[in-house]
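The structures considered in this document are given below.
Okay, so subunit A shows up in both of these, paired with subunit B first and subunit C after.
On to the complex of A and B.
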């Protein structure tokens, strides 16, 4: 009996190790900088800062769940931001300026998926090339410069407004996280995505439509990436042709960190959320402690590698 | 002194003996044939002799000295090579590069660049010496099966192999190519190389070998000179004791039942199935037997719709299916129980529940949302019905034993309440208990009016389970026999004699 209790303890530690790490990081920063870090304002601030990252990482999680990668998410975010800002400048209604790029991204995602599933090209290569193509278009649209003139004031509403003291961005992030948690855990679609990632041949034999499901995962991922880019542009009131590129690596870092928690070795929504939170909290806390940016990158990288190694050791 | 002598070789996996007490000796310059039914232990023997498996007991003597083969490298260093088309070739390397794979490349003393010129010359010399033509500038993936086989032999000769294993080398060769290969083998033999030749093609054996060793159920039944035996006695030795089909209860007559599945002239795009005719009646278990590579798995896959067909007709309950797919098959009540449990049947990192309910998820979903309580209830039903041993349905299937995993596969098949089961080696790697449980389950299903196509390479098992038996060979269905009173020997006679017909036909041309 005692043996079993011990095993369960270990298992719990493994499942929630990343969460515990997040708590420890928060406690550490709170001790080091009680006056600036451990405040409600800063917590709200962090939630806003990580919202883009969480949204883009949710999509990455879906694609990882089917056992593929989408390396174009960063370029897609830049593309979405620039596209949306351009439409807003042209005087389109704001709803259209937000939704058209998301719809276009969805279609581009479908194309990604179609190339991968139809021609059996590695998703790695397909999406890398698609990212390059998108980057090219983005520069074409902008001439390589930031779009900030003539952006209507309303374009900034979503990115800069707070409701009852909480940014709309944070609301959106929480809502999308809840939606995708529900999709992955409680719908047949989510189950099928996991099945595909677990064993594609067996899934096909079990009557799952491989192409359709994978294509949808790619499409949703692309749409979320574009949305993240649009929100970012709305937040900044401007759109830079490489503005979203920096989200790409942290998004996958968050998803990989997430794979170490809750469902071991499987991409999962809450794990990704915690992973993104850790990355965001580190960036925020280290900035407050005036650690130079390059050191922040080093620390984030080391943490991701350690978490993944620890999980591998734990599984043995 | 023998080149190779093995005595009392034992190999077991778990409690099952794959080889027990096998003794054998091979002389230099001898071609020695190794024959036996599927699962007789031939492959295991080769794997031990090439250092892939470690035997549990027995001794190996090489040129009179006792040796232990701990790794494939040890075997190669002694001079033992296996020739197996393309398994040991890098597909995108050229013939020359493959020829020197893993060898020390010729280099200058102070310059690390490889001296391709020298390699090319040496290769040409070798080819001339053996009198064979292999296009060494071609990539291995572009070579024909013979070219690949010849390349491997060339490589074995280059490293000075004294003993070659050939495992079904003529399986995909044309007759002319076979002749080329035979000439080369006889040449090697005259140079003093020993060859162990594994095949199902008995005619080849009588042409090539001096001595023949028969394995059955992991034991050596006998070794004899070719003049001492003929084909029939060999078949008898391979089949062993007289076993008469016990079969399902004979009282059950299915001949007046309607046809559930009718397949006519089926051919797959990749030609693994060339011409298959089968039919299954309601409540019938049809056994499909054939030697390795006969196209049994591929036939099931074509019917189920995961291997594209290019000709022929598949009729299900009288309705022709033009392009079957897993989705349509499941809808029509057909399930496939694949041979490869880990690769095709189960999703290893999912739970028992998730695996069982995967094909029927939409039964519990309303607007895409899963009704978990209903799902859990059904999973629980099937877990207890099939006696799957587990603490909880949330257990990952990874940790289950082979037998329990296979039960999960069957639960997954049963849950869609199919009318036709396509079972491919359904008792492979499961314990005796589970095996008989699976047999009983399928018989129950048949009695309830469902139909089963049962593919197995274990002849005893097929005779035990099936009402009727279809024999496949080289992608074709060659015979259909009623299982009643059928003996193992009679089935093997079909398998081997048909081959004689086709071979003697070609012999007549020459």
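On to the complex of A and C.
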């Protein structure tokens, strides 16, 4: 009985280690900077800042759940932002300017998935190439310049408005996180994705449509990446041809950090959320503490490596 | 147990790393010292030689007045730029200087800074409403200086390669001036305009130039290269030298030490315009002092005069 209790304690720690680390980081920053970091304003700040990262990382989590990678998410975010801003400048209704790029991204994601499943090309290569193609289109659309002239005021609404003191972006982030948590845990589709990631051959024998499911995972991932880029453009009131590229590596860092919590060694939605939050809180807190940028990179890297090592220690 | 210890170690490590980054300058509590003024210097392009020079100049000017400088770099990431600016506003710095940044992408944040009473200055950035002022070289005048010189060297005819990066506001103005001057010189033909990748402009320009040289092997197929700033000019010049091609001249803008050195020694790079970075930094800090004293700035766009550098005066 006692043995069992101890095991559960360890298990709990193993499952929530990353969450505990996040809490400790927040406490640490709060002690070091009570008047700037530990304020409601700054909490709102952080929630807005991490919203893009969370949204793009949710998609990455889905693709990782089926055992694949999508390296085009950063380029897709830039593409989505620029495409949407262009449409808005052309005078399309804002709903269309937001939704058309997401739809196009969904189709591009399906193409990614189709190439991977149909021709058994490594997703690494397929999506890397797709990212390059998207980067090319983005530069073509923009001539390399930032789009900010003639963007209608309404385009900024979603990115810059707060409801009851909370940014719409933060609401969207929470809503999408809840939706995808539900999808991954409580629907057949989600469970099939995990089954595929666990053992593709067995899933195939069990009658799971491998191709369809994977294609959908890629498509959703691409659509979320484009959405993140569009929201970013809305927040900045402008679209930069490489604006979303910087989200790519942090998105995977978040998903990998997330794999160390809740569901051990498995990409999972809440884990990704906490992972993205850690990355965002570190960037915010370290800037407030006036830690030089190079040191921030060192620290962020050390954290990701430590978290992954921690998980291995816990497993022994 | 092991897990708990490792977790604690990780968090301790993070804060000690954060400490050694901030420690030297921060007050013992970790909160930034509030007696003196803190000036945040924010840029996405610290890796660029010219931006770096400007930041160094700003730092020394700021230190001279007894203020504290805090440099934040986001490595070409514009979404992060917005986030970091919000963090700086949260941390209640006394002034923010945007270096080589298009302020149009930070409209919302500039407004927020204004609401919090934090003055925002531009150093080679651009001026938009909400900022105090921007100090820059007159990019149009500089471009005219070097382009006139180049066209004279070309006898107003020939084939021109343009290496530029239109997303950068200053480089855009230079390129637009080139566009205008080209209209007046119809015998100068554009072979191609290439967008140089940032970061890594020297290497990227070098590769692009190598390819263009291969594609245009005939003696007179290329007459000159116009580069939007010195780094691509250096790369292009290196490629021309390595290929052993004569009679192709290159011009840049900025007057970096490497460019000056090449002009002095005799290379395809024949001219550049030396920007007055110390002058710009001085203008910004002078205006900042006025604002701190409660006086208005002397203007919204202030120019530091530039000089054309050719072989005749490169050594001086």
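Please note the rule applied: the second predicted complex is superposed on the first by the 316 of 316 C-alpha atoms of A that agree within 3 Å, B and C clash if a C-alpha of one lies under 4 Å from a C-alpha of the other, contacts with A are read in each partner's own complex, and residues count from 1 in each chain.
By definition in this document, a residue touches a chain if its C-beta (ideal position, glycine included) is under 8 Å from a C-beta of that chain, and two chains touch if they have at least 3 such contacts.
Just so it is clear, the model here is predicted, and its values are computed rather than measured.
Novice: Scan A:204 for contacts with subunit B and subunit C and give back first, second, both or neither.
Specialist: The first partner, subunit B, only.
Novice: Taking the superposition as given, does A:189 touch the first partner, subunit B, the second, subunit C, both, or neither?
Specialist: first
Novice: Once chain A of both complexes is superposed, is A:145 in touch with subunit B (first), subunit C (second), both, or neither?
Specialist: The answer is second: A:145 touches subunit C but not subunit B.
Novice: Touching A:246, do we find subunit B (first), subunit C (second), both, or neither?
Specialist: Touch partner of A:246: subunit C, not subunit B.
Novice: Determine, for the superposed model, which of the two partners subunit B and subunit C contacts more residues of subunit A.
Specialist: C
Novice: Just to be sure I read the superposition right, which of the two partners does A:265 touch: subunit B = first, subunit C = second, or both, or neither?
Specialist: Once the two structures are laid over each other on A, A:265 reaches subunit B alone.
Novice: Given the touch rule stated above, what does A:288 touch, subunit B (first), subunit C (second), both, or neither?
Specialist: second
Novice: Contact-wise, after the overlay, does A:30 reach subunit B, subunit C, both or neither (first, second, both, neither)?
Specialist: In the superposition, A:30 touches no partner, neither subunit B nor subunit C.
Novice: Of the residues on subunit A, which ones does subunit B touch that subunit C also touches?
Specialist: Dual-contact residues (subunit A): none.
Novice: If you look only at subunit A, which of its residues touch subunit C in the complex?
Specialist: Checking each residue of subunit A against subunit C gives 10, 13-14, 17, 20-21, 24-25, 28, 31-37, 39, 41-42, 45, 48-49, 52, 139, 143-146, 148, 156, 160, 232, 235-238, 240-247, 280, 282-284, 286-293, 295-296, 298-299, 302-303, 306-307, 309-310, 313-314.
Novice: Which stretch or stretches of subunit A touch subunit B in the complex?
Specialist: It comes out as residues 186-189, 191-192, 194-195, 198-199, 201-209, 265-266.
Novice: Going by the contact rule set out above, which residues of subunit C touch subunit A in the complex?
Specialist: 2-4, 6-8, 10-11, 13-15, 17-18, 20-22, 25-26, 29-32, 38, 46, 70-80, 82-84, 86-88, 90-92, 102, 104-108, 165-167, 172, 195
Novice: State the interface residues of subunit B toward subunit A in the complex, per the touch definition above.
Specialist: Subunit B residues touching subunit A: 304, 306, 326-327, 329-331, 336, 338, 343-350, 354, 358-359, 361-362, 365, 368-370, 372, 412.
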